[in-house]
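Both of the next two complexes hold chain A, though its partner changes from chain B to chain C.
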Partner chain A sequence: MKIKSDWWKILGVVLVLFSLFQGLMGRVPVLPILHETIRNIYYHVPMWFAMVILFVFNAVYSIKYLSSGNEHHDNIAVEAANVGLFLGVLGLLTGMLWAKYTWGEAWSNDPKQNSAAIGMLVYLAYFVLRGSLDEAQKRAKISAVYSVFAFPVMIVLLFILPRLTDSLHPGNGGNPGFNKYDMDNQMRMVFYPAVIGWILIGVWVMQIRVRLLEITNQILEN
Partner chain B sequence: MAFIKETATLIRKEFLMEWRSKYALNGILIYVFATVFICYLSFKKIDPITWNALFWIILLFTSINAIAKSFMQENRSRYLYYYTIVNPAALILSKIIYNLILMSLIAFICLFFYTVVFNNPIQDFAYYLLAVALGGLSFSSMFTMVSAIASKANNNSTLMAILSFPVIVPLLMLLIKLAKNAMDGIDRASSANEIGVLLLINIIVFAVSLLLFPYIWRD
Partner chain C sequence: MKKIFILCLLTFVAQWAFAQEPTAAPVEMADLLRSSGKIYVVIGTISVVFIGLAIYLFSIDKRLSKLEKEHK
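Here is the complex of A and B:
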């Protein structure tokens, strides 16, 4: 590991460890309904940030694949979708746990919950599409087209639709955003590092998976 | 100018092909009548919210079935011929416009038959017609590209459904909300947001389809 090129991996590990520790041990404001569950903000929200970044990677590398035809770009797109999907599942699970204690039910028909679940379906369909095509180049090209086609829809689904209706989530349907009232400065000092740390870790996992995939392909070819 | 002429010729070709066989239109019309009638026989009387949801579900499945055919009915060798003479953007645009006209026609017939068979709880009928027209536009723009993608993979009809459901859901949610507002006769200005977002998504889908189709039309 070279410090010059790999410093961001160390930074990611340090930031995530810091946020894990501070999330359990740090001081949080005492708020009605939320109480101690507010600590989940360090674990639940960064998952979505990291997921969206990885799905952006998927769209960008799909476009790059379409213009270059380079197999490496397709591998990055696939693994970005894989890791993004995994982070999305973690985000749903942490969110459902949080919802159970604050809203009363794990699934309370909240528009953001529904949108997130449907957003996951887009990428599950992406993998089904990949599975149905045998030829590697055709698979890469057609799945890249689908992912670029579906990406704007997913953005609408996650960022525009929940804002048009009432939601239990903060920041939607007239509810104040969490930054305004609930988080004090001390929490922000943990929250932002957690977001950056999880994004870096997600990208690192993606990079490792891409290498693994390419080595596997090389072995299979020989 | 050449692009518009090319598109117009291709649309004309689609209509001619349809007119000669009348296969798609008749098949879809029978599908609509049968579905609505089966729903009538099993529901008899329904409350307005279910009325609206059921109408859109029927329309959704009808349009998936209608549009899934758009890239299957012509054989491979004819596509090879198209490759040599037309612009890919003109080809996809002609398919979208043809599907739009077909879908609007089918949607209005479906609405007419549906209101005849069931009761008619719509209070603002003109606005509901607008919602149905927007539905036809959204379904045709979205499903045409998805059917192009699905036609490249072998097991067509299942894949068509799997690929199109996640991408149509946001549009369908907006459409059902808009239609429900029209059905309840709520002030028209209150649904302006939904119409704006629907048009915006459709413009994006149009643009993305025109940009992406050249990459998949050849194998």
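Here is the complex of A and C:
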């Protein structure tokens, strides 16, 4: 561990710890239906933020792979998708738990829930595609092209389609979230550190997985 | 890097500037962990779990670095 290059890992841990503490102890607006569950915003939403950032890594490194043919770029792309998908599943599960006690049902076929689930499937298909190709270079190239298309589809599914219809989820349809009634400025001061912290931890886990993959390949080659 | 950490520190400190609300001092001889419905115990548990996970991640990271050095 070198402080100079790894300081962001410590920063991620510190930020998340802060959000764990202040997320429970901080003052939150008193709202009907939500009650104390408004604090979930510090733990549920950062999962999605981190997932989107990791999928950005996936798309960027896929494009980089296509232009360079460098195996390292493909390794980053695949592990970013891996960690991103994992965080997305956590986001779905925490969302279901939250929905159970605020919307009445864990899964109410809400547009946001449905399209988030489809978005997960799009990235699951990425791994099915990779698993079905034996030749390493072909696998890297075809899956890189796939993720270039998967990324905008995921963005549309998560952030555009649900907003065109009515949804129970804040930020959509006739139910705009992140407004002054849902989250005040004091909440934001916990929320944004939480988001940044979880993004850093997600990227850290991705980095560990990439290094693990590369050292394994290296040992297998020798 | 230093600037970012100072920024974070200031952000955190600002939180507690709001946290003090004037209330009548309770007569109870409650220490910190027993106050506020013992919520600090829950925070302690969560923190232990998360710090444990972080240490675990750091140790994996360290072991990987060692492996990488050996295989260079």
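Keep in mind that, in the parts below, the second predicted complex is superposed on the first by the 221 of 222 C-alpha atoms of A that agree within 3 Å, B and C clash if a C-alpha of one lies under 4 Å from a C-alpha of the other, contacts with A are read in each partner's own complex, and residues count from 1 in each chain.
We adopt the following convention: a contact is a pair of C-beta atoms (placed from the backbone, for glycine too) under 8 Å apart; a residue touches a chain by one contact, two chains touch by 3 or more.
This one's a predicted model, so the numbers in the text were calculated from it and none came from an experiment.
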Touched partner set for A:L164, first chain B, second chain C, both or neither: first
Partner chain in contact with A:V89 - chain B first, chain C second, else both or neither: neither
Chain B versus chain C as contact partner of A:A125, first or second or both or neither: first
First (chain B), second (chain C), both or neither touched by A:V148: first
Which of chain B and chain C A:W7 touches, first, second, both or neither: second
Partner chain in contact with A:F18 - chain B first, chain C second, else both or neither: second
Chain A residues touching chain C - in the complex, by the definition given at the top: 1, 6-7, 9, 11, 13-18, 20-22, 24-27, 186, 189-190, 193, 201, 204-205, 208, 211-212, 215, 218-219, 222
Contact footprint of chain A on chain C as seen in their complex: 1, 4-5, 8, 11-12, 14-15, 18-19, 36, 39, 42-43, 46-47, 50-51, 54, 57-58, 60-62, 64-65, 67-68, 71
Contact set on chain B toward chain A in their complex: 145-146, 149, 152-155, 159, 162-163, 165-167, 169-170, 173-174, 177, 193-194, 197, 201, 204-205, 208-209, 212, 215-216, 219
Chain B partner contacts - residues on chain A that touch it in the complex: 66, 115, 118-119, 121-122, 124-125, 128-129, 132-133, 138, 141-142, 144-146, 148-150, 152-153, 156-157, 160-161, 164-165
